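Shared chain: chain A. Partners: chain B in the first complex, chain C in the second.
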Partner chain A sequence: MQRPKPLPTEVLSDLAVSAATKLQRLRHLGRYFKQSSKAMEQQVSRDARFYGSLIRLQQNWKVKRQRVAAMGPGSEGFSFDLLDNSFVDLTALSRPSSISTVRVDHHYSGILSIQRPQKLCRFISLRFIGADPSCKQKSISRKKIYSLAEHHRAAKTEALTDEEVNECVKDTHSILCEIHQSTFEEQVFDMVNHETYNPLPGISVTGMREDFLQLAIGQETSVCLWLVPSGKEDGPQMVDPKGDSQNGESGLLNSDSMDLAIVGDDQHDFFKMNLSGMPNPVSLEIYLLFIFHENVLARARERRSCATRAQVPGEPADGSCGVLGHFCMTVAHRIFSNKVLSELESLVNGVPYLQLLSHPTWHSRTSSWSLFLKFPQSVLHAGRRSKISDNHHLKHGMRSQFHTKVVVKDDQINVSGEGAPSIICSFRGSSDDICSLNSFGCDLEDLPMILLQQVASQVIRWLHEEALVVGMKASRDFLCLYFGLDHGDTLGLVAHVDPDDVNGCISWWVVMDDGSAEGKNLTYYGESESRRFLGHLSLEALYATVMDLASLCSIGGIH
Partner chain B sequence: MSSRGQTTSLQRLHLVEKRIVRVVELAGSVMDELANSTGPRKDILTNHCREFMQSIKDIQTTLREEIKSACEYRPFEKCDYNARISNEICCKKLEYIIEQLDGMQQSIVQCKDGL
Partner chain C sequence: MSKAGASGAGSGPTAAAAAAAAQKQKALLQRVDTDVANIVDNFNLLINVARVTDPPIRNSQEAFQMDMRAARMVQAADSLLKLVSELKQNAIFSGFASLNENVDRRIEVFKQLEESTERLLEKIGEEAAASLKELETHYYSSVLRTCQHD
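Moving on to the complex of A and B:
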């Protein structure tokens, strides 16, 4: 028996049902596709955010990738590698830096962020012990790692603007800069430690901890280096000057800046120690970083150019004393040259017509100044110029300016003057000019006296020349100018130099005598009939005095 | 590849992704249209399908070009970390000098005021 033939209505209803089912499925499929496209769109924008940020950061930082599935969700194994391999080879690192690889987090919202290292970033800092901590000039601005805003951004889901993504990338970049810089400064600290293993002349290690190093330079100065985490820039609280009676716990020093501290020799007075003459510790920090970096670059260049040479890691390539030795000598030089400068400044304060010029030497262990003296142009000199022969000019080297140069190399002072008659010449009694450069070394204690004598003798020389121009019969000694009077008498104009005189360092006396008076005895004997104190005269006043004396002498019938 | 080229390439690939999303969306619209109770509208269907095929073709062309022109990525070729450190040190020097100059300027102003 066959199946009954379906009625037309049944066929139609079957068709209707299957059509409806098909439509249903098509609708379902349509919904599926639409939902997929929406989800894909969101995923695409999230990925674009992440990889866009990664590409921007990749322009400056090395990116590594580990395709490890076990990294966990939301992370493709990217990381930033902050270690420079060429650098690592050259520096014999005793401690491997634990923060040189920074992991990248890929948040659900597409934001790229980095896992901050566990340890705080540490930086080098220099300080003088005994100084008021608030005095330290915080000139190196550190970008702060602590940006809480970043967390908020990462927590937000979809409503992220381009601005916010941009801010995130910038923040990440500055954090990486900070970590990178800190890695370098820790390496420099290691290199400094490494250099102390070799014996250095004049430098000894008086304290050492994991993040602290104390060096004694010569007899008088001590230098401390610390590693300080960022955010604690005022430096460690060095309560105990003797340094390490406590256990080497960083609790004593709240911060680990690589602080350079200079300790005076006298432990009792260190709080009262006058630290105004000390060089700025910040500049020394920068210099330390600079020279060690230059050293590494130089060694890298050397290695590239001579590949066959056997490398001895850690051996300093420059100079006989190494980089650290050079640095310590620079510190010592700076302290010494500050002392020299204060002497020169007090001198120049005491002599109104003297100017102090400083000259750049472009070498960290050399300083140079000059004392500059300009003589006023004399009216007679201008008028009489034509009457004086050229020979006279050349022979006597008439000058209107006079320089004394003071050069300090390490702790050696060298004074040189132009055409200044030396003390030796004065003993010979010769009044001939010496136009050649005349230089000698001296000590810090003798410096003011020597310079004042140079200046005074130059003034005498100038007055002598001016006196000759007007036709006076004049002769000079080292610090005295003698005018010949009638009857064989001489009138002497004598310079007296005293660096400690508060009214002025060079004062003048008129002496009526037989010409044997020396400047030294004048103040002892005081004023008398034959000696008059003129005071601290300016150059114009001296010139006028000499001209007055000229008229006095000419009455007596000279010429 | 210069940085500008990289950005443009990235933008192109981003466009490809957007097109793929659009393509899937179109497929969904076509299905919806087919499931229309009054019957599919032929013109809408043809438009969608044309756009679909065109997008697929564009995607294919762009991907082919990008894959051909993608250069070999050599990692860490010119590491500039040393230059970065040098620059940081220079910045420190400049900041320090600027501070000193500011101090000098202040002194001069004070002297002038004192006069």
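Moving on to the complex of A and C:
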């Protein structure tokens, strides 16, 4: 039995069926290849996006590859290491920062994103006890500004433009900056904590928790340092005394310190002091970070290069009190210098011809001002007699202006100025040394009185010189100017200083006696025949008064 | 990054690292060869299977073979892509010379930034001091001050 030979048409038909089947198969394969090709192109572009972003971020950040066994080749085990090596030895005793390693996520769209740490970024916040929270000016709202855009971009899987990828890299960079700053500030906080273990003179720790430190500087000032989580716009709040007492992991010293650390409602009024003279807490935060940064970097540089140690700006030269001690002394100085400035301003308000000039010292624990007394040209002898040269004035020691410098170093006030007699010169009675430069320390209570005496004596000196120029027989004492009259009588122009006088701090009296009356007692004695109150005279009026007295004395002298 | 210690020390570790790198390079090249050969072979076989046979037999078997060859080609291509990713990673993490160069460059840039910032701060401070002086002088010679005491 032989199979019948197929007809050509049948052969062709079979062939056509077979070819059509193959064609269908090949078309199917073509679709498969196209799909695979498209997927691979997407994969290539995703890789290009991811590794491009990674390379760009690597320019600024240390990228680590974690070799985890569970992760296959190509799988991402990348992380950013934000811990600065220069802090390593200093932070050995402190806790390791939990957010210093940031894991990298490879989004399926090729976007590089980072896993934000579970714990929020925390930043140092400084506040004085009793300060109004509204005075806090730091913009904590800088955080969490990227999360929204991140989600939007993550939702877009395809068709990401270069600009969007660029923005994403910038956002990631910003977040890393924020975390890095937070890490640094946490380290600074730890270093501050660590420094409090060493006793510092004048500084005591009155409260300590995991993220809280309260320091008492001197008798009056208390400073709190917090680590504030990001996003808390209102900053740290006062905690209820009973509320947080069972916080076991907080590193709390003991319950006593806790009670001291927390300001309850009953104590709040006690701390409601006048805080207008307090320095700006934000600038102090910046300064605290600055000095620790400089100090740590200086040590790191010294360790690396073993070179001579560079003097760090703002660091104490002797280094005895440490960085924290220096900071606390800076805080104390700023508060004290504000008080001094307040005194000086009220003094200048009380003396119309006095000017207050500030002299920035560029040192955190030194402040300087000067009180400037300038005699107006209208009443100045030199102004009217231009033929007298400046050399003449210099030769005769005539001055048209006086400076009294007030320098505050830490809590020490030093006053130096010309034109006022010193105590020794006053005793000696010689006028030669009277114009030498005086320099002496004083405390805040005596400062207004000392300065007023200094200024009044400068005015007396000027009047004395003017009187001598017009040919009067005049002599001067500390705050008195005497004119000689007939029969040995003397006419005295006496300055009376009173810092609390609302009408003016320097007033003037005319005394017709031997000049033994002291300015202090004038008000108690009141006016009499031999004493007359002239009032709070301006320099012009004083000059006119002296000229009147000159004419009076000359008349008296002639007759 | 993880090889920094190995490559930076004396000759022993350096030699070991060089040997490991050579080994890795060899393995990578081998993988490339394998994948490319895989693609070419499977493509050849695919072409062979694509021929219309006479008589038409074993349709389902041929279809299965074509699918399998195509899948192997795609798999080999994917493997090549992964290899490219690995190469990129190596380029990122093992280019110590360029990394160090970049770090040095960044240090230089930051130093310049620090200097310019310090200069700027000094300038701001001087300007603030000058402005303060000017304002104080202006205030004490102003009508406000003189009228205050009249």
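The definition used in the following text is that the second predicted complex is superposed on the first by the 425 of 559 C-alpha atoms of A that agree within 3 Å, B and C clash if a C-alpha of one lies under 4 Å from a C-alpha of the other, contacts with A are read in each partner's own complex, and residues count from 1 in each chain.
As a convention for this text, a residue touches a chain if its C-beta (ideal position, glycine included) is under 8 Å from a C-beta of that chain, and two chains touch if they have at least 3 such contacts.
Worth saying up front: this structure is predicted, and the values here are computed from it rather than measured.
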Practice item. Once the structures are superposed on A, label A:181 by its partner contacts, choosing first (chain B), second (chain C), both or neither. Key: first
Practice item. Determine, under the contact definition given at the top, whether A:15 touches first (chain B), second (chain C), both, or neither. Key: second
Check your understanding: Touch check for A:51: first (chain B), second (chain C), both, or neither?
Key -> both
Check your understanding: Where does A:289 make contact in the superposed view: on chain B (first), on chain C (second), on both, or on neither?
Key -> first
Check your understanding: In the superposed arrangement, which partner chain does A:59 touch: chain B (first), chain C (second), both, or neither?
Key -> both
Practice item. For A:31, decide between first (touching chain B), second (touching chain C), both and neither. Key: first
Point to revise | Partner chain(s) touched by A:82 [first = chain B, second = chain C, both, neither] | key: first
Review point. Does chain B (first) or chain C (second) touch A:355, or do both, or does neither?
Key: second
Practice item. Using the superposition on chain A described above, determine whether A:40 touches chain B (first), chain C (second), both, or neither. Key: both
Practice item. Take the contacts of chain A with chain B and those with chain C, and give the residues found in both. Key: 26, 29, 32-33, 36, 40, 44, 47, 51, 55, 59-60, 62-64
Revision key, fill the gap. Touching chain A in the complex, chain C uses residues 1-2, 46, 50, 52-56, 59, 62-63, 66-67, 70, 73-74, 77-78, 81-82, 84-86, 88-89, 92-93, 99, 102, 106, 125, 128-129, 132-133, 136-137, 140, 145-146, 148-149
Review point. Along chain A, where are the residues that touch chain B in the complex?
Key: 23-24, 26-27, 29-34, 36-37, 40-41, 44, 47-48, 51-52, 55, 59-60, 62-64, 81-82, 84-87, 137, 139-141, 177, 180-181, 184, 282-283, 286, 289-290, 293, 296-297, 300
Review point. Taking the complex as given, what residues does chain A use to touch chain C?
Key: 14-15, 17-19, 21-22, 25-26, 29, 32-33, 36, 40, 43-44, 47, 51, 54-55, 58-60, 62-65, 67, 73-74, 349, 352, 355-358, 360, 362, 504, 538
**Study point:** chain B residues touching chain A - in the complex, by the definition given at the top
**Key:** 3, 6-7, 10, 14, 17-18, 20-22, 24-25, 27-37, 75-76, 79-82, 84-86, 88-89, 92-93, 95-96, 99
